[in-house]
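Consider the two complexes below, in which subunit A is the common component and subunit B and subunit C are the respective partners.
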Partner chain A sequence: MNFDALTIVYILEIVVGGLMVGIGVHFVPVGGAPAAMAQATGIGTGTVQLAAGSGLTGLLAAGLMMSVTDNIWPILASGAVGAMIMMDATMLTGGWIYAYAVGAPFASAKVNYDPITGYSQPPYVAPGTVGQGIPTVCYVSGTIGALMGGIGGAMIYYPLMMTNHNPSLSALFAIGIFLVNAVLASWNIQGTIEGFHDPKFKRWPKAFRSCLVATLILALVAVTITGGA
Partner chain B sequence: MTVGGGAGGAPSAIDPKKLRVYGLAGALVGIYLAAILNSVLGTDIFSILAAAGAVAAAVMGANAVRRVCGYGIGTGVPSIGMLALGMGIVGASFGLSTAEQLGISMAGVIIALVYAMVFGYIVGAIANKVMGFNIPIMEEGLTDLSGAGAMAIIGWSYAVSGSLAYADMVTKVFNTGYLAIIFICGGLAILHPFNANLGPDEKQDRTLVNGLMVGSLATVAVGLCSLATLSTTAALITIVIGAAAWYYFYVWYYRLVKRDAAAVVGTGLLPPSAL
Partner chain C sequence: MDALSMGLVAAMGALATVAGASEDIESDIGSQSNPNSQVQLAAQVGNPHRIYNKAISGEPPANALWATTAAVVAYTLITKFAMPALFAIAIGASVAALFNGVFSTSAYFGRSASQRRFNQWIYLDIVRYTTTSIMAHAWITAFCITCIAYIQTAILTPHHPFPMPVIALIWGLTVGAIGSSVGDIHYGGEREFQWRLFGQGLNTMLSGQIVRKAEAGLRNSIDNAWFCTKLGGPLTGLGFGLTVFLDNWRTTVFDPVTQAGLAIGMGLFFVIIMNLYNFYVETSIRKKYGPYPGYKGDIAA
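Right after this comes the complex of A and B.
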């Protein structure tokens, strides 16, 4: 293993990928268990599950593209689209359940007016809850988050694949790096966030610094790993 | 989101330092004993010992989870288990790969453990210093967790590959995708015990016995995987011992649940009026 210029580029790509995952998590509307009971805005599960779901879909899409080309741009695009489809499908079907099965109006408790549609929010927030469902701004924010997560995942996968040429090893290693960044970011938002309009979003520089240090340490060893026999 | 039980750390009957020694020593002894016995006797039936080592590491991890999550981290217990396995998988593949490149494949476990624990300490320091968690045992807890994750991955991987050589690990565990099963089952053994038992009446022995139970179940899963990679005898030994251990710990766990529960009553089916 020799650290030439290309290796440094690979390390940088992994670090940028990790940072995009860490920041992307801040865009995804996660409500956790309260959201599963329609007492908070967002998708009713944990950040890590969502990030892992969209990240894995992105990795699969990126891996499929990588089997036909070595050009980084279509691989990144394919990873991003895969993650976005997964996240949007989750939010859409989740939204149907909130609207037609739970019967909750979509409302954000963090802003008075939806920044995208301009609709008033407070009248629709049920007393004792912090919003329900997935309002338009959360949906758009979640899509941006999945875009960043998907590009980030693909950007971790691509240099790993270029150094060890083993798809399964690269994918599992990428999942490891992905999970570390997703968990650090979800600790930063303390488990729940509505999206880029949430006041908690302003904490992203902390996640940026944390993910930078963590991913750098992982990236330095990631490029030394060989693909086995 | 699930947050931990009592603030200020969960009370424990078994000292965490003692459990750490048991967990790490158990994992190292199990993996190395399996590796040495298998290579000296030219067989693969001792692979179960590595799985037992992995269970010891997972119990240490489960104790670290209950200590850290006892303070309440706000994101649910599963996140920290996934973090442990994420750190562990990086440490495990780095350790085994580096040892192979240096030509001493036996040292891979130690390299993996050291790297994972150092990285865990750094992540713990980041969580406290940058994110302001201010959990006094965060560094210690994440060091344990990361080491436990790496040892669990290597131990159960060994039970599938039957060899510590990196090339065997890659062809039998990574390329076959069995690592994904180890990842999730091993993660459950670390995160599930506290996730299932948390609350004001959480007891250390009940949580840890639950960890042993889930770890044994993971061993059964790993044994099923090893049917495809090892000899049938070795795989059957892993499956049967895993299942027997699961039953033993299940009965033990049920006893502890009955001890801690206010009452255990059969509710029967739903009354006709509720249907």
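Right after this comes the complex of A and C.
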């Protein structure tokens, strides 16, 4: 293969995509297993699983868009929108269970007032728990996280597709690079985070550095695989 | 947009809704995923139980495995043996259900046996009649997701460029993520702990104190499925159905070649509506339920 200027651009795009995924995971409000018992604020599942679910839904949308155009902007936008739809549908229906089945009002234990709505939080935190449900700030943060994850996934897929012109190979490699970055970010936040208002969010530079190194190595490998197409 | 495409998108939405519901109920019967932490803990804090215990992995990878297995088998039968798609997908889903049965049984035996020191028994009757229910639900999930993948790759225009198994892998991951985020709360937040004050999450002090008695006799996982079918399952289905339907609706109604901007704009519109709806839910339940009575802090409600 030729290692020309275009290849370097592709490598940079993959790296930027990986970084978007790594930082985007920090925005997604996940409460892990405790949230499934309405014991912690956020979505009751693991960081990587939710980020992968939304980012890869975005990848499907981006893949469909890339089959009809080579213009990068609609591909990125379509990926972002697909991921946001998945994340928002999940948070909305999950919120209904907290609201109408568990019967608990949404509350964050990390801030006294919701930065977006200004609603007070501590009086609504159930005794013996660290918040529950998905308050507006977490919902908006999750949407931003999905936006970044969707763009990131599409941005990894696009250069791979331009290099090897094989959708299945590109998709699988994009899924792999996506998961590596999501797992690195998940370690950084130690499993649970409420969103951009959470003190843990300030740790993102560490994830940035590790994702940069990991994605750079993966990008170098990825662009050399030209596939059988 | 043509009538056939619109019908197909509607069918995909319906299949996704069924897949989401069956996925959640499968995980509730098997007690997989997040709430299983309490089932695991129960025996350790002196509450041996008759709940099935099969935390094979997180729900997304598990369901990705079932869906991909079904799709790979179906794809092979369709392409190499020219079998009709519906039969091929049904056979694929059956193979996936068999995989599920093997994993479930070994997980139940392994996990229960490892808790012998806590007096947790292995109940063979539970294995006999619960495993088949789990497999049946896994079959429905795998069948529906493989059908969606087939429609996307072979019938719906523009055809999706990813091969059927990759699409099944991604939808499997997504349905697992949604089931784990939505339906599990109904099982973990409500069904596992019913003798505490209503209207709040699990108090940390009650960890592991799961309900072990049923309406009649001892509670088992089929009782849990009966309860979770009322809300957790359907809402999981709604979440996954919304994802599949809305995402494909916008690229079917608006031609992605000539109206890409409109397709993206419509998606953004859905996102904004959902954000506003969540804000409405938050505001209305704060008014309806009010603050917790025991709160003694300075911040006014």
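Definition applied: the second predicted complex is superposed on the first by the 228 of 229 C-alpha atoms of A that agree within 3 Å, B and C clash if a C-alpha of one lies under 4 Å from a C-alpha of the other, contacts with A are read in each partner's own complex, and residues count from 1 in each chain.
Definition applied: a residue touches a chain if its C-beta (ideal position, glycine included) is under 8 Å from a C-beta of that chain, and two chains touch if they have at least 3 such contacts.
Only a predicted model underlies this, so the values are computations on that prediction, with no experimental measurement involved.
Once the complexes are laid over each other on subunit A, subunit B and subunit C cannot both fit and instead clash. By the touch criterion defined above, A:A99 lies against subunit C but remains apart from subunit B after alignment on the C-alpha atoms of chain A. With both structures placed on the common chain, the touch criterion links A:L50 to subunit C but leaves subunit B unconnected. Residue by residue along subunit A, subunit B and subunit C are tallied for touches, and C comes out ahead.
When the two complexes are overlaid on their common chain A, residue A:A61 makes contact with subunit C while staying clear of subunit B. In the superposed model, A:I193 makes contact with neither subunit B nor subunit C. Shared-chain residue A:I14: touches no atom of subunit B or subunit C.
Legend: residue contacts after superposition of the two complexes on their common chain; A:V28 is shown touching neither subunit B nor subunit C. Residue contacts after overlaying the shared chain place A:F173 against subunit B, while subunit C stays out of touching range.
Contact with subunit C, but none with subunit B, is seen for A:P127 once the two complexes are overlaid on the shared chain. Applying the stated contact rule after C-alpha superposition, one finds that A:P74 touches subunit C and leaves subunit B untouched.
Where the contact sets of subunit A with subunit B and with subunit C meet, they give residues 32-33, 46, 49, 52, 168, 172, 175. Put simply, subunit B touches subunit A in their complex at residues 1-2, 73-76, 78-80, 82-83, 85-90, 93-94, 97-98, 100-101, 115, 119, 122-123, 126-127, 130-133, 166-167, 169-171, 174-175, 177, 179-180, 183.
Taken in their complex, subunit A has these residues touching subunit B: 1, 32-34, 46-49, 52, 166, 168-169, 172-173, 175-180, 183-184, 186-188, 190-192, 206-207, 209-210, 213-214, 217-218, 221-222, 224-229. Residues of subunit A that touch subunit C in their complex: 32-33, 35-40, 43-46, 49-50, 52-54, 56-57, 59-61, 63-69, 74, 77-78, 81-82, 84-86, 88-106, 112-113, 117, 119-129, 132-136, 139-140, 143, 167-168, 171-172, 175. Contact residues of subunit C toward subunit A in the complex are 33-35, 37-38, 58-61, 158-163, 166-167, 169-171, 173-174, 176-178, 180-190, 192-193, 198-206, 231-232, 235-236, 238-240, 242-243, 246-247, 250-251, 256-257, 260-261, 263-264, 267-268, 270-271, 274-275, 277-279, 281-283, 285-286, 289, 291-292, 294-295, 297, 299-301.
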